[in-house]
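Have a look at the structure below, then the notes.
Lettered A, B, C and D in written order, each chain numbered from 1.
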Amino acid sequence: MNNQSIRYGLIGFSGRMGIEITKLFLEFGHNCVFKINTQCEEFLSNQKVDVLIDFSSKDMLFNSIKLAKKFNSPLIIGTTGLDANQIQLLRDLSNSIPVVQSYNFSTGIQLLLKLVEFVRGYTLDWDTEIIESHHIFKKDKPSGTALMIKEKIEKDIPISSMRIGGILGDHKVFFGNLGEILEISHRVLSRRAFAEGVLNSALFVMGRKNGFFSYSDVLFSGKEV
Amino acid sequence: MNNQSIRYGLIGFSGRMGIEITKLFLEFGHNCVFKINTQCEEFLSNQKVDVLIDFSSKDMLFNSIKLAKKFNSPLIIGTTGLDANQIQLLRDLSNSIPVVQSYNFSTGIQLLLKLVEFVRGYTLDWDTEIIESHHIFKKDKPSGTALMIKEKIEKDIPISSMRIGGILGDHKVFFGNLGEILEISHRVLSRRAFAEGVLNSALFVMGRKNGFFSYSDVLFSGKEV
Amino acid sequence: MNNQSIRYGLIGFSGRMGIEITKLFLEFGHNCVFKINTQCEEFLSNQKVDVLIDFSSKDMLFNSIKLAKKFNSPLIIGTTGLDANQIQLLRDLSNSIPVVQSYNFSTGIQLLLKLVEFVRGYTLDWDTEIIESHHIFKKDKPSGTALMIKEKIEKDIPISSMRIGGILGDHKVFFGNLGEILEISHRVLSRRAFAEGVLNSALFVMGRKNGFFSYSDVLFSGKEV
Amino acid sequence: MNNQSIRYGLIGFSGRMGIEITKLFLEFGHNCVFKINTQCEEFLSNQKVDVLIDFSSKDMLFNSIKLAKKFNSPLIIGTTGLDANQIQLLRDLSNSIPVVQSYNFSTGIQLLLKLVEFVRGYTLDWDTEIIESHHIFKKDKPSGTALMIKEKIEKDIPISSMRIGGILGDHKVFFGNLGEILEISHRVLSRRAFAEGVLNSALFVMGRKNGFFSYSDVLFSGKEV
């Protein structure tokens, strides 16, 4: 898509997503010029930071905003569990710097949400159900993504949740009537799915002046300037 | 949706689809006023035929067109294997009478085709595959529906076909990359799926002057006059 | 398997299972010589009844037992919701007449139960979950079959139940750990699945003197005399 | 299961399976005392090697056998593509040292093979099909595991192969007739599935004098001494 090499900064570089992002960006020839976690901070080059990526924890948010301002670079943030105040801080920041904030950087999930929204309008009198399956370490039930799907359907539909072994994340949506079933399903194979969304967001955001975007905006309004 | 009772004629009333249509239309309070198969022809009432439905065989087409003209009633035709000449005859007829012609009256399949077309644009560098499963009596392989799906994807993708027991018709489309898989699947539970499409078509077509429609037109241009 | 023509009696011939049994037995050349429902009773031949099949209601049980004694013919009974007293009446009957009693005459479900029992022993520290999907008219939740599966697993595992459209009956059992998932699934395509089990039971039971059997006995102890 | 700490040697420590084995064995408190790849060889302790694990390449086999003899330790070998001569060398070795040789150390696949073998006997007149899905880098088609499944079924059944994105390995076996479908499926979530099989094999093999074993033997004859 884009041949330029991105010089990125990474907040939370040693977490699972940090490692995955490092791997994918390296594969595409992009350079990490700054990295930080709770233990250490390192400048790997004295080059400008083109984009700053934060997959650390919500407690680091204040520092992440400070860094984005200092570097004057766009911020992509996938930290979970942000509260309303924190979202507002990001919106304020987005007046001067472009910000992409999302709880799910998977392209497939964003597509699924669009599909569900489309199907909904043609199946108002059908039955709809959601099943999601995740690893046994997941704390929330149902998953945040399942709740996002339900919101798109705008009906009070049942969500079944399974917690089995090491499943990274399966979501299935069923629309059915007496004669037929339509199913839309998504399955995460590896965290690379999310890292690709971060890379898409980086390519989208570089060169913009400001603005607050979700990953859905990145995918579906790519033609805008 | 619509409270009016439809007075319909049915060509091929004793075939599997004929029986299913009869059952569904009865359930919604519609009246069969004329029925015909290769053995017999019966007027069950001397009322006007609001709509004529043909699920017989392509060899009956000439007669079906004659009947539609005679009754001056819209024609819904689900006969399979029509050749180019026969389609042209139906197009000619549609200048004076509305015609709905489709090889698949399932709402779910029409939705799946739309979804696939949408996803395609966002997954150009993903892998795509189709699997279809049908009963062991099915003669064509891959299914006509699988070929329709492939056509929407506009790439030369593999289709796997399974022929097992009594499966009425499963179609699965997979879009995947290294990190994730998006799947769109359809499963026919009973031929009622198709009968519902015929009923939707009947409600769509009544009151129209003329025009040649597919079942996709019925579903997705319902707001047109 | 067996070339002899069975002369069978059918209690509850006009119910859904009655119709399915009639169709399947006809296909294999077996003759209905007696049929009864709540409205009427008919001897279609004055031949001996080789086997009596009851898919009516538990309220008819007393009459069914009377008929089995009168005809002195084996009884196959698929009536649901029998209470302990009624089961005891059948056990008493089985001292003089062979009886096959089961709540699920599907061969696939009986196989699934065996498989689950086998896998269980090798996956004691894996996670196990059941999902079952049925049509919206099903009253019990979870399904009786899901409860039977859970009983085989001998652990307090979660069962998720979906009620969607016209699904005749899907059951899925998952065994998973951090590295892998094993799934055993069953899907009813038509009530023919159960009618085949009734036919297998008829072939099994004819020529026996007495005994109380489940459909599991029919399948898995076929070599016994 | 077993509290003893295993002191293991690892041939091919830097390959994908080598890394996975190292991670899992560490998690359970086992110690790598010797490791080797094509570049280097390292003794991490001067302790005895309890078991030697080889996930390198078939070209290393001769050296692996030499090492097993030198250490006088059991050998677990998951190297793929061994030829008949190489298998014979391992059988010769197994006269004096226990050897576990397998092309698939997944417990779930071994269970699936057992289930398929059992179901086969009860579904001789059903239709059977296999689908396998793997990542796009897989060279063989169908997969070796699919061929093993087919062999258990002892019929010439179709295998459909999908190559999509990053799927580590899915195998599905379907048994169906006109009324029902029984499906047995397996899905690899991570290479940990295979590492667990290696650990099970290590615990099985330690303390034995000699013998040639498959991973199926490890799982299903665990009660033997």
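Note that in this section a contact is a pair of C-beta atoms (placed from the backbone, for glycine too) under 8 Å apart; a residue touches a chain by one contact, two chains touch by 3 or more.
Values in this document were obtained by computation on a predicted structure and should not be read as measured data.
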* **Chains touching both subunit B and subunit C, listed by label** => A, D
* Compare the two sides of the subunit C and subunit D interface and say whether they are made mostly of the same residue numbers, over half shared, or of different ones. => same
* **Whole-Å separation of chain centres (CA-atom averages), subunit B against subunit D** => 49
* To do: Averaged over CA atoms, how far is the centre of subunit A from the centre of subunit B? Could you give it in whole Å?
  => 40
* Asked: Do you know which subunit C residues sit against two or more other chains?
  -> 165-167, 176-181, 189-190, 192
* To do: Using the touch rule from the top, collect the residues of subunit C that touch subunit D in their complex.
  => 106-108, 111-112, 114-115, 118-119, 122-123, 175-196, 219
* **Residue numbers on subunit D that touch subunit A, as the complex places them** => 165-168, 189-190, 192
* To do: Enumerate the contact residues on subunit D facing subunit B in the complex.
  => 126-129, 131, 135-136, 158, 160-167, 174, 176-181
